[in-house]
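First the structure, then my questions, so here it is.
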Amino acid sequence: MSIQTGIQTSRTPLGRDDLARLVARDIQAGSFVNLGIGQPTLVSNYLKPEQNITLHTENGMLGMGPVATGDQIDGDLINAGKIPVTELPGASYFHHADSFAIMRGGHLDICVLGAFQVSATGDLANWHTGGPDAIPAVGGAMDLATGAKDVFVMMTLLTREGVSKLVGTCTYPLTGVGCVTRIYTDKAVFLTGPGGVQVRETFGCTLDELQDLVPVPLTAATGA
Amino acid sequence: MLNFADSVGEAVAGIKDGSTVMIGGFGNAGQPFELIDALLDCGATGLTVVNNNAGQGDQGLALLIKEGRVKKMICSFPRQSDSWHFDAKFRAGEVELELVPQGNLAERIRAAGAGIGGFFTPTGYGTMLAEGKETRILDGRGQVFETPIHADVALIKALTADTKGNLVYRKTARNFGPIMAAAAKHTVVQVSGIVPAGSLDPENVVTPGIYVNSIVKVA
Amino acid sequence: MLNFADSVGEAVAGIKDGSTVMIGGFGNAGQPFELIDALLDCGATGLTVVNNNAGQGDQGLALLIKEGRVKKMICSFPRQSDSWHFDAKFRAGEVELELVPQGNLAERIRAAGAGIGGFFTPTGYGTMLAEGKETRILDGRGQVFETPIHADVALIKALTADTKGNLVYRKTARNFGPIMAAAAKHTVVQVSGIVPAGSLDPENVVTPGIYVNSIVKVA
Amino acid sequence: MSIQTGIQTSRTPLGRDDLARLVARDIQAGSFVNLGIGQPTLVSNYLKPEQNITLHTENGMLGMGPVATGDQIDGDLINAGKIPVTELPGASYFHHADSFAIMRGGHLDICVLGAFQVSATGDLANWHTGGPDAIPAVGGAMDLATGAKDVFVMMTLLTREGVSKLVGTCTYPLTGVGCVTRIYTDKAVFLTGPGGVQVRETFGCTLDELQDLVPVPLTAATGA
């Protein structure tokens, strides 16, 4: 499969499952990956056995398997979303400091996170609306954002109100500074980095149409 | 000196008002429910509680908060769909919250047990959770100074203890147990079974007995 | 990507001149003798070596030092009754020594693996090993600022690996293996046996495979 | 056994084994203890099973047993002095960072160390002669001195040249500042602390005779 430059690869926007399938396809074989709670969890449905991906869950496990069903359900074996899961051959358990050392020490190849906003320079906001009455809760979001070698964001490009979540500067409280390397949305895949925001591919829109939706300058990616 | 308590009540009897109490568990996995119930029964109040969350539903830590025993929560994720007791107390200004990124929470607890006076970490740099904290650039990255979290007491759950106090855990229920045991002056452990010294393979001991003060078997 | 090498020579082939190489072991326990011999054979020079000691007798690390491959030693205990090669090179000014208290050595290696940018410790405070270092009073004690020790390569010895790279060790031969595996960009492990994934109990894995890059079985 | 105040408890100086026996007797039941290389190792010969002492060795073990002999010798099971040892029921193994966390985190009740010099305020010098041609080697000495709840020193009171090793200020490079709580010597047991140097008991000399040997003010202990 070759990825061409800033091209429209789908005539329609991608649904959540298609987006998850795309992220799964882009994860290099042999990678160690943490999938955030929510939409990123869908990615696990599309990882292929031959990719030999090892999933990490920050509550203390490598080699996490699919969600547990029926007799598999074991209260002592849960993921970061507190959902019962299973273990795969070659799994390992460790305590919380060792588990976060894996994340914070830069050992995860990729983490996939949801987002409220991502800035043109890769700042991530995904933990707190900043509302005056909101009770803040952060969990492991900042450790994942700061620690993984690559941080992939999955989100819809626009809010329900039609406002771009890809922004010049985040208005929501930050999770991490300059940490996001790729943004997977229903309308396009963006690469963030020193060269500004590049568009790898679009779904159901042209690059020009995309630019009209997004308040930061876009260029076509010169390779991915 | 290692003590084997006959009941959870006896195991938590020494906890004083105003203590800092670490409570193990992530979700229900590894939560020492029976010890938390005993803490509620023993009446200690004005507590600072360290836990990943701030109580769920109408049980355990949530009840401790509801009853006004908790002066301050140090945690990473207080807001959950069923954290209504914490939510109410927090909005009423009746419980203080120190919100800590989960990895900083784990590392700060680990630092306390390991005799580290403080450390720099990139986690939280440039965010509101680093406001007011010392920062510096190290290895080319902005980093935040974080300090150890010590506790008077840790209440944790393990699978099995031997008679020297060595512990093994089960699956993801291990979570905070080993680091809290090391960070607290007094560690109380509830276990499903107690075996003679020599029954656990020394290669597989997760928490050495040196970190354990009181063990109680729960049904 | 995890690689299973056919020989120790293949396993160390990528080590470049000027690399920082961590070598596991305390005394003979856990020393990856075969990997060190292969490092000697591969010809890499100008190395910074991190090990608890600075070579013993006429083998392994001592030979590497004798042959002039080691530019700098970072260790806690270079002087031993049979450390004549290091002694001679050091007195001749041909090898640099960074002497580190053993616990600071372990904690600095651990910090590198855990993403800690630096930490304060009471160990060494008020001694000549803290001269020139930043100090501050924390928790009422004088403490010294110490920084992580990263490495390009770690050469370690474990007992058994599974096909996912998970490791278990044997008795006190565990020593520096787990923390060096986490601190190095590229970790090479010599083992006595390789078993299929699923053969090691997930509760008992000491080094998860995420820290391991190359495995070679030695006789 | 009751310990009286600053009294002469032996008519002759104590030999190394008698001193080791005395230290062993003074270790509280149930303690976790690290015995330094050299003279302190002798203490293990006099610990009684009913004391239920757990020995730590900093290379990565709790529950260390006696020195290995014959078929017990196993190259993978050594102590900090690199001598083959044995394991007792209830032992555990851990890596170096975890082992030193035990020492540095204040979890050992007692460590027993040799010394070149101890100052009146409990400063310890035991790792380096400071000679211009000496190759320095520190090992775990600073971690033990700084980390254990109580640091007991075992040494002869005088050097071969007859100079007191209990000094006003150490002239050798320090291992730790203000860390020593008790000094066991052939001529006396000293307690160091905020109240200055107190003498718990003397061996083969009176308190006055002891004071003549030592350049720091001594007082009789008012209790031990």
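In order of appearance the chains are A, B, C and D, and numbering begins at 1 in each one.
The rule is simple: a residue touches a chain if its C-beta (ideal position, glycine included) is under 8 Å from a C-beta of that chain, and two chains touch if they have at least 3 such contacts.
Because the structure is predicted, anything quoted here is derived from the model rather than measured.
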Those chains which touch subunit D and also touch subunit C: B
Given subunit A and subunit B, the chains that contact each of them: C
Where subunit B and subunit D are represented by their mean Cα positions, the distance between them in whole Å: 34
Distance from the mean Cα position of subunit D to that of subunit A, given in whole angstrom: 55
Distance from the mean Cα position of subunit C to that of subunit B, given in whole angstrom: 33
Touching two or more other chains - residue numbers and ranges from subunit D: 61, 87, 93-94, 97, 100-101, 103-104, 147
Residue list for subunit C, restricted to those that touch at least two other chains: 107, 114-116, 121-122, 169-171, 202-203, 206
Arrangement of touching chains [line / ring / star / complete / other]: other
Contacting chain pairs - touch in the sense defined above: A-B, A-C, B-C, B-D, C-D
List of subunit C residues in touch with subunit A within their complex: 1-2, 112-116, 162-164, 166, 182, 196-198, 200, 202-203, 205, 208-211
Interfacial residue positions of subunit C with respect to subunit D in the complex: 26-30, 76-80, 86-87, 90-91, 97, 99-107, 109-110, 121-129, 142, 169-179, 206
For the subunit A and subunit B complex, residues of the former touching the latter: 57-61, 74-79, 82, 87, 93-97, 99-101, 103-104, 123, 128, 133-143, 146-147, 173-177
In the complex with subunit B, residue positions of subunit D that touch it: 29-30, 32, 54, 56, 61-63, 87, 89-94, 97, 100-108, 147
For the subunit B and subunit C complex, residues of the former touching the latter: 107, 111, 114-122, 136, 138-139, 141, 143, 147-148, 168-171, 201-204
